[in-house]
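Each chain gets a letter, A, B, C and D, in the order it is written, and its residues are counted from 1.
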Amino acid sequence: MEKLKSIDIPFDIHKIRAEFPILQTEVHGHPLVYLDNAATTQKPQVVIDSLVEYYTQYNSNVHRGVHHLSQLATDGFEAARRTAQQYINAGSESEIIFTKGTTDGINLVAQSFAKAFLKPGDSIIISAMEHHSNIVPWQIVCQQYGAELKVIPMDENGELILSEYDKLLNDRVRLVSLPYVSNSLGTVNPVDLIIEKAHKSDIPVLLDSAQAIQHLPIDVQKLDVDFLVFSSHKVFGPTGMGILYGKEKWLDLMPPYQGGGEMIKTVTFEKTTYNELPFKFEAGTPHIEGAIGLDAALKYTQSIGLENIQKYEALLYQYAIEQLSTIDSLRFIGQAKHRAGAVSMMVGDIHPFDMGEILDKLGIAVRTGHHCTEPVMNFFKIPGTIRASFSFYNTFEEVDRLVTGIKRAKAMLS
Amino acid sequence: MEKLKSIDIPFDIHKIRAEFPILQTEVHGHPLVYLDNAATTQKPQVVIDSLVEYYTQYNSNVHRGVHHLSQLATDGFEAARRTAQQYINAGSESEIIFTKGTTDGINLVAQSFAKAFLKPGDSIIISAMEHHSNIVPWQIVCQQYGAELKVIPMDENGELILSEYDKLLNDRVRLVSLPYVSNSLGTVNPVDLIIEKAHKSDIPVLLDSAQAIQHLPIDVQKLDVDFLVFSSHKVFGPTGMGILYGKEKWLDLMPPYQGGGEMIKTVTFEKTTYNELPFKFEAGTPHIEGAIGLDAALKYTQSIGLENIQKYEALLYQYAIEQLSTIDSLRFIGQAKHRAGAVSMMVGDIHPFDMGEILDKLGIAVRTGHHCTEPVMNFFKIPGTIRASFSFYNTFEEVDRLVTGIKRAKAMLS
Amino acid sequence: MNIDQTQAEIVDDFSFFEDWMDKYEYIIQLGKELPIIDAAYKTPEHLIKGCQSQVWMHAEEKDGKVYFTADSDALITKGLVSLVIKVLSGHPAAEIAQSELTFIEKIGLKSHLSPTRSNGLLSMVKQMKLYAYTYMAQQQLKSQ
Amino acid sequence: MNIDQTQAEIVDDFSFFEDWMDKYEYIIQLGKELPIIDAAYKTPEHLIKGCQSQVWMHAEEKDGKVYFTADSDALITKGLVSLVIKVLSGHPAAEIAQSELTFIEKIGLKSHLSPTRSNGLLSMVKQMKLYAYTYMAQQQLKSQ
């Protein structure tokens, strides 16, 4: 810890922590050490305030309303779309679809894309390190349309084997869908390369960015990615909200996912004409409050600076790896060269569940289990891992507390 | 107004209004008269507080977490499910599915039910007074499965013609879906009778209760309804949240709607086993905050008492009809004997859009247009209506202001 | 009066009214001065479909100047169309195309109208400039 | 000692520890006293699958009393199983079936354990009572 000069740290961590009310709380008599950020992130006061402000000052249904509140709500809602657009540098607002979250976004693409493009004998490529949310939707459509699900394998370090990916690419592949960053291994995948290879065969790529959006600056135009999804709740925004970015050229060709209010131009019982993008994919009253909260969250993150966050988190991650390595019989699950966010581990043959429970009693929140990536656990032949996942509001002292906690639990459980 | 003795009014309206911060605000220099409750309802302080409390004290991802915050969040989330269950008197918690809202709920049922039961040549029955959200999802599945969409017609008063409904019922009908209360006409449909008739032929019924849940006490077991959906934001809760009630016997036979985290038991790349109810239908991180806010909203409404609300609103509705009737050349669109919530009208041939804009400048929020029920507008051959929709926090004085406002706007626009 | 002079005059007119209700009265009044589109032109091709109200518009060139006629099913919309026509009609295509309609902002229409309405207003202006550009292109073709 | 006496004793034991860490130490210790299930019974049929850890359990009747053996892959779970077995094992089926396990609440397990864990504990108890009822049913059949 002492090695780090304050000059290395690009922001005032104490000021930042003060902005997150929950970080001031205690758990079982200890100050909370929240290291479950890959599951969900905590919210800064500005996000909480934005929700309160919405409901106390301008709550109303959006679009089509002539009255004042409806105008304010519509303005706020559409401003959030522009903030999200700018955040990932999308070319147009109409490429930004509000969803319920990552899972909802993947299901939307899976269903609509399949309806437009998937034929018997086609295939969809995913990877060996998927979250269930990027497996099951594709299993469902593959079964529905008689297509095949193919998997890019990984090695013992938790890195995708790109030579195997090359072999899977052929003219029956309709789409490649994979995580930017793995939630259980921390692996940052070489997505530029993966997209480039797919595009050589005109195959679109979806990036599950649930674990990337809060750690890395993302530029969809530079990546040239076709679809990108993330969840608001994992990037300091409210629950029940997410973003699907899709290139207009694809979204235009895809049928709507859900039917209802907002997504139509005209309706008769005989024939319905759909609205234009992005509304075509947004049936029903949207999660207005969620959009407004996400807007505040993205602006907050931008005010700190994604580059600063990335720099700080890299230092923190490095420190965590170093310190955890000092624990006897601890082994990391996932040792990719390029990692971010989550550190997964096993300590001897201690059951992760036991470890998690003891750490909790010490005020340290980690997640244990398969992290919705059962195939990853099967690959490593383990029941689950202990996962500590970091955010920019975590400190080096908290890493120390984690290490001390694991040591203590280990003593009890060995 | 003076005719009403305070003894008739079952609660202290001033105390209630004080609990809704937004009702204390001004619009264009006038105290806000919010009469757009059918679009969305305002939130009492307890609901706003519940969100703040969640994010400042126990925000965390639910289920599977060993740590303290995750326990609290899971407890809160599952408590909300029980509150909703009890609110509509469902037989079991596993029959309560959290959705994004009414539209999401209808789409879920349409897709999953159709996948399990809809065959070419079958039909689905809806009604002439549907919201688009109860038309388009059925159009989509009917087209997909080669089934036919049939429509129960209505009369000039906006009442369904039940003798025509009888004629539509036959052994190729797979499901009847209709609104409990119409959002553009205010009609309260005789749903007991409609359900009874359908059940005689073993046909399940879905009730779109988006406009019923905030006005009437609902008992799904007494109604014996098969599916019932509503939106949180229309019953004083947060946006992005809704409830689907479904009888276990149906939900068990229906395949999941979305794939992802939470809805699975085990996942391998070859085979996925789905979780049990209600989780089978809840893929991805749920809208935890939304559930907690809905919980607070339903408890708040219960503390006032649905019977009291119904009684007060009936008086208010009656008063509004009486007072509006005094306006020359005003005609009501929808004159069903049994009505609740919304009053739709036209004043001479004044364009509703003009009327809405002038009323807004007087601080009165009404909605104008087709209210997502274009077929209803086509039926009455009008471009739209002026719709005032009431909640229990509206007052008799507000009705007076509406009447005065319409008179003034009429003078300007004639 | 050129385009900017008319704009200045309108801003002046509106400054008399303190209350928005009065401004609306005035806008509605202006609707009655709208040069009404010939019934023959009230066809789908001349329709600018807004979200809640409809506008039909027609443009004609005479002596190097562009004249607009229009109608709407809503009175306030009609008044707004009338305002814009008052500013732009009867001027050379080039001037219309290059004009900057600052009066909309100045009289507070943009912030006071519902966005549905003000978006409608903006798309109307866009449509009128499009007409102007079309005439300019035609002149260009003729002169070649 | 009958079931309630054992419960009282456990409550007493736990009252010595102020800190939950000490209670966990004790629970883990108890796991080591668990009568381990015969390897032959460690089969899927004997598995009570929890959300994060697994428990195998076997029941046997001898001289009118029911004896339980078990195992788990997690130490804390093992300790909890051990606790429940300590209370219920070696008693007549009828007593097991009718027992009320108040000690779980009393020593604060229900509020301190993760719900995953405490739900697991409850389903374990349920399973044990089910065994007991099964034996009672068998006795009933025999006696007819």
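The rule is simple: a contact is a pair of C-beta atoms (placed from the backbone, for glycine too) under 8 Å apart; a residue touches a chain by one contact, two chains touch by 3 or more.
If you're wondering where the values come from, they're calculated on a predicted model, not measured in any experiment.
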A-D compared against B-D, more contacting pairs: A-D
Where subunit A and subunit D are represented by their mean Cα positions, the distance between them in whole Å: 40
Between subunit B and subunit A, distance of the C-alpha-averaged centres to the nearest whole Å: 32
Mean-CA-position distance for subunit C and subunit A (Å): 48
Residues of subunit B whose C-beta touches two or more other chains: 28, 64-67, 70, 353, 357, 360, 368-369
Residues of subunit C engaged with two or more neighbouring chains: 51-52, 114, 116-117
Pairwise touch network: line, ring, star, complete, or other: other
Each pair of chains that touches, named by its two labels: A-B, A-C, A-D, B-C, B-D
In the complex, subunit A residues that touch subunit B: 21-22, 25, 27-28, 32, 34, 36, 39-40, 42-43, 47-48, 51-52, 55-61, 64-70, 100-104, 106-107, 110, 131-133, 135-140, 149, 151, 231, 233, 238-241, 256, 258-264, 266-269, 272, 283-290, 353, 356-357, 359-360, 364-369, 372, 374-375, 378
Complex contacts: residues of subunit D adjacent to subunit A: 20-21, 24-25, 28, 51-53, 73-77, 113-114, 116-117
Contact footprint of subunit D on subunit A as seen in their complex: 28, 350-354, 357-358, 360-362, 368-369, 383-384, 412-413
Complex contact set, residues of subunit D against subunit B: 51-52, 114-117
Interface residues, subunit A side, partner subunit C - complex: 64-67, 70-71, 74-75
